[in-house]
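Notes to accompany the following structure.
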C-alpha cells in the first residue's frame, strides 16, 4: 500500500522549484503542503514528511541543520551542491546509488552537468573500459541552469543568438563528476558552454577506449534495465529528444582505429538534471514506483 | 566641402549607444572623441561639436541644460523622450521635418514605436485619407527597445518562446504618435507587445479609409523620394527585411468593401527606430549626404 | 466504471499527431493501438473504437467516408478543418458544445486561431455586450501551427528573429470564427502573424463594448466553471502562462471612456489549440473526467 | 590608383551569396554586374573581371572549367570546397597565404569550420607549441552554414531550442583543417554541432602544449598585425563579439599543470567564414586595402 506524503518545497519560485511543483502536482503520493521561497524559515515546513530544498547551498545548510533539531525530522532532498560530498548524505543518483537512496534521511540531488557526464563516464570507468588519457567533457547547457537571478549575461538580448564557454578549468562541478565517476581530476577537462535555449544540456565526451573495450556492451550492462537512461548507439541524441522528460539519452561513436570515442549524453537540466531526478529520488524513498509522475 | 566633426556620445554602453558607435565608426564625417556612459558629467563632452544623448530622459535634461551654458554649445541629438514635445527642440523625423532639422540646435530623435506608427499614419491623415473611426496600432517589438537594464521579464528564460502585450491604454508613446500624425488620442488604440527577438519592430494598423481614398497614391506622394522608406504595397514587410538597416518598410491591404485597411510598417528599432535615425539627422545637420554611413 | 478504449491516430508523425501520442500515453482510458502516418489506409485502423485524424482535410474526408462503411464504425475526432462547418459533425469546442460532444459520432476539432478568438468573443456576442463596430483580432502564432511540412519561410534561418503578418483578409479561419461567435464576417478583421517560436498563440482583440456592458461579469458567467479557461482580468496572459498546458487564458482592459476594450486570449496551439482539445473531447465522448491526461 | 571592377556573383540567392551582395554593395571598387542563381550558365558572367562562386562544388567545377575557355578569363573566388585541395588554386586564407592570393587566378575560399580551427591551431603547429597527443575541436555552428535548402532538421520547429552533434568522425572539413594546420588527421577529433542560431561559429579546442610553449607569444607573433584576428587571451570570445563582422576572435586558457590548453575561436560563419573572407581575398587580388567594405 502506497502512502500519500505531506511535502514542503523551499525555493519554489526558482526554475527548479517551479518544475518540482509542476511534477508533484501530478503525483498521487505527494501533497504539497507548502511552496516556500528561499527566504522562508524552516519552521514553515513544520509537519511535512518530505522537504525539497531548491535553494542556494547556504540556505540548504541552514535548513538541514534546523530540520534535524525538530521532534520528527522530515526526510530531505536537497537540490543544491551543499551536501554532494558530505558523507552524511546519500548522493541522489539512482542509477548508481538506488539502494542507499531508499533509506536515506538526506539526499543530495546531483547537478545537471554531473548527471550528464557521470551517465556517460561512470560505467566505462567501472568496467575498466577507458585507457589512461585526457578525458574531455565539452558541455552545452540552456540558461535555466544558471537560475532565475538577474545577471547581465542572461539578459535576453545578450544571450539570444549567442554561445560562449565559461568557467574553463574552474567549474565547481568538475570535482563532483570526478568523484562519482572515479576519474582523475588532473586529466579531466570540463568546459561548460551557455546555449541560447532555456532548457536542455548536451555533453560531448572524448575518451580513449581501453584495448578491446566494447562500449555498447558496457552501457547495456549498466543501463539495460534503467527506466530513465536510453541507449541510442550511433544515433546521437539531441536536446529535443529529452526536453520536458526525465530521460538521459546516450549515444556514442568509436573512431575507426579504436583509439578514441565520442560519447554524447543529453538531458533536460530542469528535469533529469534537477527536479525530475529529485522526484525519482522521492519515489525511491517513499516506496512509490520509480517513474511515478515522471512518464 | 564636407567637414569632419568631433562627436561625443553619452550613454554609449546601452543598446542604442552601442549602435551609434557602430554606425559612426564608418562615418567619414564623424570622429567620436568621447564615448561616455550615462553617469558621465556633461563637461566630459567639452570640445565636441555634436553630442548624441542615448541616455534616460532625466539625464538628457541635465545635459542639455548644462551644454547650453558652455561657451560654444554643441548641437545636440537626444534619443530620449525628454524633448519630443518641447517647442525648443525639432522633432527629428526627417520624412516630416527635414528642413527644420538642418538648422536645429537640439533634435529630439523619435521613439521606435512612434517612427513605425507615424510612417504608416501621418501621410493618410495629411491627405484626408482616413475616415473617422477607431484607429488601431497593434505593435510588436524586440527586447532591445526596453534597454539593457536588468528586469525579470527580460531574463532570457522569461522571454524566450514568449510573447505578451504590455502597457495597454497607458503607453507613453501613444501621445507622441497622436501629436505627430494628427490623430485623436481618444480613438487611437496603441498596444505594444514584446517579441522574443532582440531587434525589430512590426506595427499592424487598422484604419477606415475615406471614401475614394487611394492609399498607394498617398504613400507614393509622401515617400516616393524618401531614401529610407520603402513602399511594398501588398507584399507585406517582415522584420528580416529591415533588421540591421535604416529602412522603414510599408505594406498595406484594403478590404474588398473598401471600409477597412490593414497597414504594416516595419523597422529595426535600434537603427531607424533609434541610432540610425539619429545619424540620418546628424547628416542633415552637418551637411553630409543623408544616407552617409547608413547604406 | 470507466472503460479503456482502443485508439488509432492517423497523421501521427505531424506536430499535432505527436502531441496526441504524448498526451494519450498518459491516459488511463486510452490504448493507442495504431499510430499511423497520413498515407495509411483507413483499414489500418480496423478495430479501433476511437480514431483521431491529425491529417490534411482531404485525407480526413477520405477516412471519414471509409470508416462509415465499416461494420462497427469508430467514433472520430478530426483535427482538420474538413468538417468544421458540416452539420453531420459536432464542432468540438467543449465550452460551447459540451452536451452534443458527449454523444457525437464525429467531432470536428476547432483550429487554434478559432479557439483563441472564440473564447474571447463568443460570450460577449451571446450576452449582447459588443456594440456594432469593427472587431479586430490581431493574432500571433508559433510556427508549429503551420505544420511540419517543408517551406522556405519555415526554414530556421528565415523565421528566427523574424515576425510577419500573412493571409490578411484571406485567412480560411475567419469564417470559422465568425460562424461560432456569431459575428459579421464583413466587419471582422482577422490578421494572423507568424512568431519566431515553436508553440503558443496570442490573440489581441479590439471591440466596442455595448453601453453598460460588464465584461468581467459576462466572462465569469460563461467560464466560471470551465476547467480549461482561466480569467485573469487586467493581468494580461502571455505565452509562457499556457504553453504545454490545455488552458486558454483570458485578460482584458476597458478604455477609460468605455468605448473600447482590448481582450487578450492565449493558448498553446498544439494543446488547447489542437491535441489537448481533442483529448478533452475524447474524455467527454468516453465518459472520462474532462481533465484526464490534461492536468 | 585603385580600380573599380565588374563583378559577377553566382549563387546569389543562397545565404553566402546574399551576404556577398550585401558587402559588395558598400565596396567602392566593385560593381556587381550580375547576381545569378546557381542554375545560371557561366556565359551570364561574360565581361566580369571577377567572379564569385557561392555555388555547390559541382557547379563551381563546371563554372571554373567554362570560364577558363573564355577569351579573357575572369579571376575567380570560389566559396565551395571544390578547389580547396587543388594545387591549381590558392587556398584563400589571408593569414597564411596572403602573398599568393594577391596574384591568384583562382582562389578557393576556406570553409567556416576550417577558418575557425586553423586560426586556433596553425600558429601553434608552426611554432612547435603542441606536444603529440589527441587534438579535439568541438565546434558549434549556426544553421546558415548548412545553407538555404530545405531539410527537415532545419525546419524552425526542429532546431529552435535544440542542439545536436552531427557527422562525428566523418565531417568533410576535418581533412581541410588537418592539411592547412599540419596536424595528423589520425589524432584529430573534429565534432561539429548545430546551434539554434542563424549565424556564428564557436570552436573549442583541447591541445597539449609542448614543454615551455608560450601560447600568448606564439599568437602575438602570428597575428599581431592581422586586421581581422583579435587576440583576447583569457577573456574567451563569444558569438556576439563577432557576428556581423569579419573578425575571428581567439581566447585561451592553459591548465595549471601546463599539460592542457583550451582554445576558443569564434567567427561569423557567413562573414569571416564565407563572404567576408571572400571580399578580403578580393581586396588582396584587386589591390584595394584589405579591410575595404569589411569595417
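Chains: A, B, C and D, in written order; residue numbering restarts at 1 for each.
Following the convention adopted for this analysis, a residue touches a chain if its C-beta (ideal position, glycine included) is under 8 Å from a C-beta of that chain, and two chains touch if they have at least 3 such contacts.
Remember, it's a predicted structure, so these values are computed and weren't measured experimentally.
Novice: Can you name the chain that lies farthest from chain B, using the mean of each chain's Cα atoms as its centre?
Specialist: Measuring from the centre of chain B, the most distant chain centre belongs to A.
Novice: Select, from B-D and A-D, the pair of chains that is joined by more C-beta pairs in contact.
Specialist: Pair with the higher count of C-beta contacts: A-D.
Novice: Roughly how far is chain B from chain D, centre to centre by C-alpha average, rounded to an integer in Å?
Specialist: 37
Novice: Quick check: how many Å separate the C-alpha centres of chain C and chain D?
Specialist: Their C-alpha centroids are separated by 47 Å.
Novice: Between chain A and chain D, what is the gap in Å from one C-alpha centre to the other?
Specialist: So the centre of chain A lies 38 Å away from the centre of chain D.
Novice: So which stretches of chain D touch two or more other chains?
Specialist: Those would be 142, 158, 160-161, 196-198.
Novice: What residues of chain D sit close enough to touch chain C in their complex?
Specialist: 15, 142-144, 148, 150-152, 154-161, 196-198
Novice: Looking at the complex, which residues from chain C come into contact with chain B?
Specialist: My answer: residues 133-134, 136, 138, 140, 142, 158, 161-166, 168-169, 186-187, 189, 191, 193, 195-200, 202, 204, 206, 208, 236-240, 243, 253, 255-257, 259-260, 262, 264.
Novice: If we count contacts the way the header does, which residues on chain A are in touch with chain C in the complex?
Specialist: 25-26, 160-161, 244, 295
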